[in-house]
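Consider the two complexes below, in which chain A is the common component and chain B and chain C are the respective partners.
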Partner chain A sequence: MKGPVPSVRADAVADMARLMAAYPAGFGNRRRAAGLLLLAAAVGLFTGFAMWRLDFSLARILSGLGRLADFSLMMFPPSAGGRFWIYLQSLGETVAIAFLGTLSAALLAFPFSFLAAKNVIPNVFVHFGARRVLDVIRGVDTLIWALLWVSVVGLGPFAGLLAIACSDFGALGKLFSEAIETADRRPVDGVASSGGSRMQQVRFGVLPQVLPVIGGQCLYYFESNTRSATIIGIVGAGGIGVHLAEQIRVLNLQDVSFLVLMILAAVTVIDVVSTRLRTALVGRRAAPLG
Partner chain B sequence: MTDRVPVAPSLPGGQAQALLAGYDRALAARRGRSLTALGVVLGCALLSAWAAEVRPGDLAANLYRFTSYIGRITPTLTWANLFGDLAEWYWNVGLWTRLLVETLLIAYVGTLVGGAIAVCLCFTASGNLGEIAWARFAVRRVLEFLRTVPEVVFALLFVIAFGLGPMAGVIAIALHTAGALGKLFFEIVENIDMKPVEGVRSSGGSWLHAVRFAALPQVAAGFASYALLRFEINVRGASVMGFVGAGGIGQELISAIRQFYYPDVSAILLMIIATVFVIDIADERIRHRLAAVESPK
Partner chain C sequence: MLELNGLTRRYGSNLAVADVDLKVEMGAFVGVIGRSGAGKSTLLRMINRLSAPSAGTIRFDGRDVGALKGAALRAWRADCAMIFQQFNLIGRLDVLTNVLMGRLSHASAMRSLLRLWSDVDRAIAFVALEQFDIAHLASERAENLSGGQQQRVAIARALVQEPQIILADEPIASLDPRNTRVVMDALGAINRRYGITVLCNLHSLDLARSYCDRLVGMAAGRVVFDGAPRDLTDDVARALYGIEADDAAGERQAAPEPRSPALARAVAVA
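Moving on to the complex of A and B:
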């Protein structure tokens, strides 16, 4: 490595002017560089403006960092303070909320996604309308849904479940309809040409192609919902978030770090299991964007 | 059963029987597997329903409340006095717009800072360019931690450390974004073509040179695309930061919901949905163009 190699570079650097004249394409072009510089300057200026607007101040950041350092010291050692079984129970509740929320969202989104798929419903108004309904539902954050459902069915995990089901209905509906739209046309044509009805075309032409994809997406969402189910407790919608918010507010930080470790462990286990199942379902493929 | 008829006569007796029996067995095995999977899912669902205190009766009994809730948050708009009614519905539009802009800025700065952290860390965390094993392991664990702790939880803590206000929200979103994007980024880096990297290294370039001149040009478009997607997610996330006092429109929304100012709830929700909608569409346009930049390589 160290032998003749650096001398190649040294020669090249010494010969820079001639090389630049001989291979202008290799040295980028001035206008592009100027454009990039301008873009960077604009982004920098705008970011400065945004930080000023958002009351950033170095003094507050520094004092905050000092306090955070204190907090991290206070987090050790993590300890449940005798509430381990209560925490474990709420963790189970969280996983249950995530599982049931994903399941009901998937069951509701599945039939609806066919309405939103261009190749199943050729009517522009129906699939456009269905798409927009999904977009509106998706635009509202899970925490807002939780707050709304709490005021309908009262405090407790049931409200959280409905919140997860609602926000996932939008997300899964969109993903499912995209999966249906990218399905191969040929099996459908095959069923149609051998006299299959419209329903049979969907059942035997489209479904076998999309079911594994949909299953994989559901598993992925189950995992990501376990994370989001930890926060809906902050507005009183059940799960481990109730304890997490409470312990943070009273600065009982040993419990906080213990709860975070519990969540990390649960998410890791679910991650491993769902990756296994997903690989079995769809083979090795990149996870859908969450 | 009728679809078997054309097959049967064309084969000598025993063979057709054997084929059909094999077909039935294969079918039965598949059905059995599907039924088992269904049973497992159903069992888990029942167990979860018990754990999550699902009471279908409650839902049925209270469902009218959801529809009546929607009825109550719907503003009264009349043709005769449309502008007057609209003005009354959006009586506080000045403050809401300002808070919505604040929400967007929180998401913007959070995505930018988090993305920058993710770019700095992802090369060390990747399997192909991260050459120091312990650093790779450590960075990956840190990213995992940042990704798993939801931004609202960070915000709860930062509101205490940095004081109430949007700064806590920005830092919370930036940290969570660093974790989420860091993972996606190092997966992109792991999929690059290694030949340019070898080229740079073999002509005496340092590790940083290899990252800058061989890896970065291959991954920049992908990074930008994921960052844009994350910006959209963060706008939604920033809209609830106000729930815990970390700035943005969330504080107005939660006080409207908690104090039963029904028309205000729908007015603010509509503003959030419209904003997310516009960003969603703009995002998709830009990402399509980025994908076009990316594909000819």
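Moving on to the complex of A and C:
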């Protein structure tokens, strides 16, 4: 062969006109660029409108910054004011509420999520119905559930536990069923082909795939609930939130910052532990062979 | 020239590749043969630096490839394209975009992230697709293609990288005989037309003999044979594959002798 060394680039450049004529759909960025620009413009316009409608004002943030500084100064130094043991006990209560609440929500959501998964229950009425049940439960916020249960079982941590169990049943049920739906079908076919029943297909084809995801979601919800359990406490459903609400009301900001730090420490500990647990759940992959 | 010196990879106490010395001339079509677990995949992955060597050096034209980092490492990877047994395409993206992945190291970051490829890049992708008769599938989702078509997309992706070397890791192991020939012919065509060096892991001795101009046999992580296909005698093959040698050579097709007396009787009666 004469001339320059053959390369795909040289081939392409020499043949450019014919290629562009033969595959017009494959060339040109104009449509894609126009689409991207339009999208950016639409997002920009909507953001602008929402800011205008919600009275967004940088000036107000700037003028308020001084007060924020005052507030922050009043928080220093954090101090328990001699109530450390009471606070610690309440923090324990909060963690207990979050743990039991998440556990019962997960235990309820786990079987229910299979009903809501399209690939497990092909019957449209069953999985559609199960989905709507989850929607309705999830539609009511944890805080509303807490108010509801406080009026049913009275003030205290039990109401908080029930509130978390209810609202997270909806949330976890949805997340679990979505994890189940994205599961690979091939292992299920493998079990079915060797004569496994529907139940066995789910047990051995689906479950091993989704268990790490579901476990990770439960652990995250435990951590997140430790934080939201403090808010539930504000409406009287027990835990450290009760103290937090009280100290904010009397502007005892040193105690507030102390309580916040305690919650932060608890959440960090939970995060560290759950990271370990999740790694154990996912398991280490074997080294690839040659 | 690609030079491997004392290349070794350990997994725990397990030696996947042990002290491999190898020189590959540019433009060659080299088959790496051996049974599963002999270290062939690990060897190719180390050359592309997808796996880090435990010891030894990789040199290309005198340059120490093992020490490359950052942009230089990415440039080296573009220079030695990889083809995988399971194709490793992005199933949810169309064929054209999958092939254009091979142009990533040539395109600017902004353009590639927004998928605003230049017309030259697109033309290069189409030239590659046309060579393997799959240009009409350019707008299909990669996951909807058959195995043979997907592997041809993967080879097109490798080709548009304008690499010096193509590392093919069992490219035909999940394909039927017809597609096997199509894919191996595609690799051969690239090797001849563009002078791209091909290093290809293969199970089948027949294929290795008919497509490669040099064979490297591996067993237990070591190179135990290195020579022309005609030097690969049956004895060498048996040493490489053990009792599998006949299977791998695909020569004797006789049915195995029945083992149990009951079975033997049944066969005799039939």
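Everything that follows uses one rule, which is that the second predicted complex is superposed on the first by the 214 of 290 C-alpha atoms of A that agree within 3 Å, B and C clash if a C-alpha of one lies under 4 Å from a C-alpha of the other, contacts with A are read in each partner's own complex, and residues count from 1 in each chain.
We adopt the following convention: contacts are C-beta pairs under 8 Å (C-beta built on N, C-alpha and C of every residue); 3 or more make two chains touch, one makes a residue touch a chain.
Not measured: the values here are computed from a predicted model.
Legend: residue contacts after superposition of the two complexes on their common chain; A:Val13 is shown touching chain C, with no touch to chain B.
Greater residue coverage of chain A by touch, when chain B is weighed against chain C, goes to B. When the shared chain is aligned, chain B comes close enough to touch A:Leu251, but chain C does not. By the document's definition of touching, neither partner reaches A:Phe204: not chain B, not chain C.
In the superposition on chain A, contact of A:Phe27 is made with chain C only, not with chain B.
When the two complexes are laid over each other on chain A, chain A has residues 5-6, 8-9, 289 in contact with both chain B and chain C.
Those residues of chain C lying in contact with chain A across their complex are 11-12, 14, 16-17, 36-43, 45, 51, 96, 114-117, 119-120, 122-128, 135, 138-139, 159-160, 162, 193-195, 218, 221.
Per the touch definition, chain A reaches chain B in the complex via residues 5-6, 8-9, 43, 46-47, 50-51, 53-57, 60-61, 64-65, 67-68, 71, 92-93, 95-97, 99-100, 103, 135-136, 138-141, 143-144, 147-149, 151-154, 156-158, 160-162, 227-228, 230-231, 234-235, 238, 241, 244-245, 248-249, 251, 256, 260, 263-264, 267, 286, 289. Within the complex formed with chain A, the chain B residues making contact are 41, 44-45, 47-55, 58-59, 62, 65-66, 69, 101-102, 105-106, 108-109, 112, 144-145, 148-150, 152-153, 156-158, 160-163, 165-167, 170, 187, 202-205, 226, 229, 236-237, 239-240, 243-244, 247, 253-254, 257, 269, 272-273, 276-277, 280. Chain A contributes residues 5-9, 11-13, 15-16, 19-20, 22-23, 25-29, 32-33, 36, 287-290 to its touches with chain C in the complex.
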